[in-house]
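Letters A, B, C and D mark the chains as written, and numbering starts fresh at 1 in each.
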Amino acid sequence: MEAINNLISSGGVEDVLFYVFAALTLLCAVLVIANPFSRNPVTSAMFLVLTIISMSGLFLLLHAFFLAAVQILVYAGAVMVLFLFVIMLLDLKEEARRKIKFFGLAAGLVSVGSIVAIFFKALASAKPGVASPKLEGETYALGKLLFTQYTLPFEIVSVLLLVAMIGVILLSKKKLE
Amino acid sequence: MHVGLQHYLAVSMILFCLGLLGVILRRNLIVIYMSLELMLNAANLALVSFSRFNDKLDGQVLVFFIITVAAAEVAVGLALIVALFRKRQSAHVEDLTSMKL
Amino acid sequence: MDWNFIIFSLVKLAIIVGVVQGLVAYSVLAERKISAWIQDRVGPNRCAPPFAKYIPVLGPLLTRWGMFQPLADGLKFMFKEDFTPAGVKKIYFFLAPAVAVIPAMLTVAVIPFGSVMGNQKMVLADLNVGILYTFGIVSMGVYGIVLAGYAANSKYPMFGGIRSSAQMISYEISMGMSVIPVLLIVGNLNLSHIIGWQATNGWMVLYSPISFIIFMVASFAETNRTPFDLPEAETELVGGYHTEYGSMKFALFFLAEYSNMVSSSAMMVTLFFGGWTLPFWGLDHPANSIGMGIAHILVFMAKMLFFMVVFIWVRWMFPRFRYDQLMDLGWRRFLPLALVNILITALWLWMRS
Amino acid sequence: MKNELFPWLILFLPLLSATVIALFTLRSKTVSSLISIGAVAAGFVLTCLFVNSNGIHYSGESSVNWLTIGGLNVDFGLKLDALSMMMLFVVTGVGGLIHIYSYSYMDEDAGKARFFAFLSLFTFSMLGIVLSNNFLMTFIFWELVGVSSYLLIGFWFEKPSAGDAAKKAFITNRLGDFGFLAGILMVWGLLGSLNFSALQNAMVANPAALGASATIAGLLVFCGAAGKSAQFPLHVWLPDAMEGPTPVSALIHAATMVAAGVYMLCRTLFLYNADALHVIAYIGGFTALLAALMAVQQNDIKRIIAYSTLSQLGYMVMAVGLSGPTPAMFHLTTHAFFKALLFLSAGSVIIGMHHEQDIWHMGGLKKKMPVTFWTFTIGALALSGIPPFAGFYSKDSILAQCLEQKNYLLFGVAVFVAGLTAFYTFRLFFVVFFGKEKSDHAKHAHESPLVMTAPLVILAVFAATGGFIGITNNYGSQFAADHETLSLAQQFLEPLKTPVPMFIGIGVAVAGIVLAFLLYKNADTDPLPAKLGVLATWMRDKFYFDEFYEKTFIRAHDFLAAVADWIDRWILEGAIIGAIRGGTDLSGRALRLAQTGNLQTYTILFVLGVVLLLYFVLGK
């Protein structure tokens, strides 16, 4: 009881929550790419949804409330549904177990290893961030930034969305003339 | 030890590596695509934590853009996959290559 | 953060869940009774335990109007054989009802159902992005339906699932767009602030009636209620995505649908009808006594129940849309209308400032 | 209209016509030919208007700065003086008549539109030579003339002989042009300018400006003229060029292109010192003699005229070499009239004979083709130098020039050639028009249409009167400041001032005609070979120049080409390029292994690249 009291009073709850969400995120991510029980893409998709949800938990811990909501709204609510749609539409069978690509595995491990190594080296030489962050991911501030300093990128992104929309419509037509 | 920037970055890095492994090792195009999303999300996480620990909102703006672009990318990518599947009746990467070695 | 917060949160959680469950149960009864009334018949009127009539004073009341009908329904669902058809995808078959229920229950977390009781805010989580949270959770509701359709491994549920998810994604956009004028006017995403604004300035429905109309119609679509219940159109798709489900699993879908109704009603009340406020009897500012707090809660409940009745009433009054008409309405009527609405509101605010 | 505009308009109208025909109207024969005729006729009219308003003695230049490279400053400029003005008349006038003649001559040819496009291009190039005011422009148009003559000679390219002839003409010209270019460079190097007026001023100011290399420079420039004007030893292309359509022969190989060499010599006369002029004179004389001898034993109607052209060109060059530009240009002009007339008449005969060109298959055409007969007669008399036809006056002036320079050897050659000219011309004349028909074609020959005979008549008028209508006046004013303008009567009687060459000239011409009459009045076959023996064979076979060139120059060239080919094939291509290609191929094959088409292989490579990059940016 005393320990829990201390934890709460020292703000350690957030630390505990970080570990919980981080563990959840990584566990679900592992299950997205390598699920030992099922090779069904739907399973992967569902775990990706869980990954995204736990990640928005991490966003909340970082006080990025708006992005946490948007993450769920866009990724989980729309993008992943699209994935599920396509999987259902194509009626994908379970991925066949072909022989493991040793070359791929080795190369993947090498690249992952080097990324990890570079990460630690870079971390060692980097100067630490603010010890007690004060930034609040306020929607108002974000919106203001988006519509003042980043107006042009914002407009470009909206054009990009339009282009993507047109492209998808064209691609999805049965007959491509 | 207090949770700091490096913890978030570590999570982001591991997430990125997992996504990378997924892209390299999985055969199903859709799963590869999901792994790509994982990598994008890892970048998002890194950006948000940088934003938080450097007291600058610009990182979050960038994440906003990444999410938008990812949405567009997913739409186009999935349409391409559907078109490919119609043509080849398969969504496995190995079946898509038409080059001879 | 302290123990008080945790305990009170748990208490509030328990009460909210209990109340919502009770509401769901009795809204089913209400639905049956109202449909009976509309169709000029009696409806359930005699389900009561044998001892009930011996209860003094209340006895005659309890035995009338089928007051125990929900209890009987629940028992029936629980004791029915839990049949699992061959060929379904087992994991998803079991998962889907749960996935459907969870978001439905989660929505109510951010809704301020009262002002204050003592020093406790009558809201489970006073998020500053409350409305975004709601939309996020609502968008998760699709998964239950999609998974149900997928898991059944059968044509009609599949169609139902795909129809339903397409419909929900489409109307989610109109719904989100419709709320933006409200946010523009209030300037805050926090639901408590929205209510606070309405307490001083009057109900939002007066400022942005178009928003309310779009929001309400989209709510019908989001909850898969008539006139947009295409996913479970009996004549075309048998039961839609829950064709293969029975007993408690089916009950969960049922629960999800009515929970969604409850939270939609609560949202409508919160966003457009001033939440727990009333413009008279001094009910338009946070309570300073327990009694006033209870009064606020009752006001909120009353408003909410009204919209529940509207939901039920609409179901038995209107015919079903055709699917293309549904999509047409969503994308080509409501979306442009909502955009124009945003524009007009923004212009109006700009002119005023 | 401003005076400066006239020459530009005259120059560019034919180019415009060629462009329009090539780009738009190739489909329509009639439209194309009318455009082309219109362009050259407009040029003629503009020339007449210009002369009418400014007089023949107008002199002016107009130029735009074209390019400046270091010390080299080249203008794109046009020069108008009496010399170029008279040449304008020749090119647009005679050329225009030939254009009109071609309208009918080429009527049945599928490529008529193309033909007229080429004709217009040629006219443009020729006008460019005539009007240009500097060496570089002259050279460019010189080459353009070469190209268009190549196109025209090879017009019937489906005939192998036409293609070969075109190539031969072009390559032979290139040989001369090489010398020409070297000469131009030498002149530029020594005098520092390319503009004719500037050069002339420099030479007048300091006659020894060219120094010790004056002879070489002059002869190098003459090389170009030798190529274009087909002087020995580059004369071999001209007879073969008769493979082209007859109007081409008339236009290019009688009136204009071959005259370009002589014109250029006259234009740049200030460059040559006495030694160079001597060489030029003897080459001209030798060419005249050689060609005349060859002409005696030819049997192809066009070839006879072609050799005659060669011979007359030799005359002109000889006159230039004897410091007589006025007689040379005079003869050039009259020659343009009567030789074009002869060619066109020959063309008329050929058409009448259904494309039969052997004179021994003709005969008795006097009755069947009266207009052609009379025009041909005038042309033949003019060529032979019978008074009062044009050839008589110009030839007489050359003979007089020989005597004036006291060069009795060349005078003798000239007199002998004059006799030969009369002889072979009337040999042709009698065999073709008199005697009995020697083939079925000759029996069914018919007169040509009016479109063809009208130019013949016009040319015949000029061939008859060209000697005393003022041509010498104009040229004389160009080359001699104290030239006195003669009246028509004075011009008519001008030869009487030098009675010796006149009477000798008339005498040998009449002797040649009489001899021809005696030998060929009723001959069915050529009686000469029997009498002259091996000499006749040599004459017929053109003194074996082609064979000689074949054995020496072409052999040597082939050997060099074979060596170059071997080097190219085995050393350049085989070793060097082969190594590069093989290396590229090998590395391409190796790199191809990386291009598996497998998405994930690409991903791996991509990631490894990114990792490397990150290492250098962050990790170090």
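What we mean here is this: contacts are C-beta pairs under 8 Å (C-beta built on N, C-alpha and C of every residue); 3 or more make two chains touch, one makes a residue touch a chain.
Keep in mind that what you see is a predicted model, and the values were worked out from it rather than measured.
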Fill in the blank from the handout: Between A-B and A-C, more contacting C-beta pairs sit at A-B
Problem - Centre-most chain [mean C-alpha coordinates] - result: B
Problem - Gap in Å, rounded to a whole number, between the CA centres of chain C and chain B - result: 35
Completion exercise
dist(centroid_CA(chain A), centroid_CA(chain B)) in Å evaluates to 7
Practice task
Would you mind pulling out the distance in Å between where the CA atoms of chain A average out and where those of chain C do?
Solution key: 29
Exercise for the section: Provide the C-alpha centroid distance between chain C and chain D, rounded to the nearest whole angstrom. Expected result: 102
Handout entry: Residue list for chain C, restricted to those that touch at least two other chains
Key = none
Handout entry: Residue numbers of chain B (touch at least two other chains)
Key = 20, 24-25, 94
Fill in the blank from the handout: By the touch definition above, chain D meets two or more other chains at residues 600, 604, 607
Handout entry: Topology of the chain contact graph, where touching chains are joined (line, ring, star, complete, other)
Key = other
Handout entry: Touching residues (chain side chain B, partner chain D) in the complex
Key = 20, 23-25, 32, 93-94, 96-99, 101
Completion exercise
Within their complex, chain A touches chain C through residues 8, 13, 38, 40, 42-43, 46, 49, 56, 65-66, 68-70, 72-73, 76-78, 81, 84-85, 88, 138-140
Handout entry: chain A partner contacts - residues on chain C that touch it in the complex
Key = 1-2, 89, 91-92, 95, 127-129, 132-133, 135-137, 139-140, 142-143, 146-147, 149-150, 158, 161-162, 165, 169, 172, 187, 189
Handout entry: Residue ranges of chain B in contact with chain A within the complex
Key = 2-11, 13-22, 24-28, 30-31, 33-35, 37-38, 41, 44-45, 48-58, 60-61, 63-65, 67-76, 78-83, 85, 91-92, 94
Completion exercise
Per the touch rule above, chain D residues touching chain A in the complex are 600, 604, 607-608, 611, 614-615, 618-619
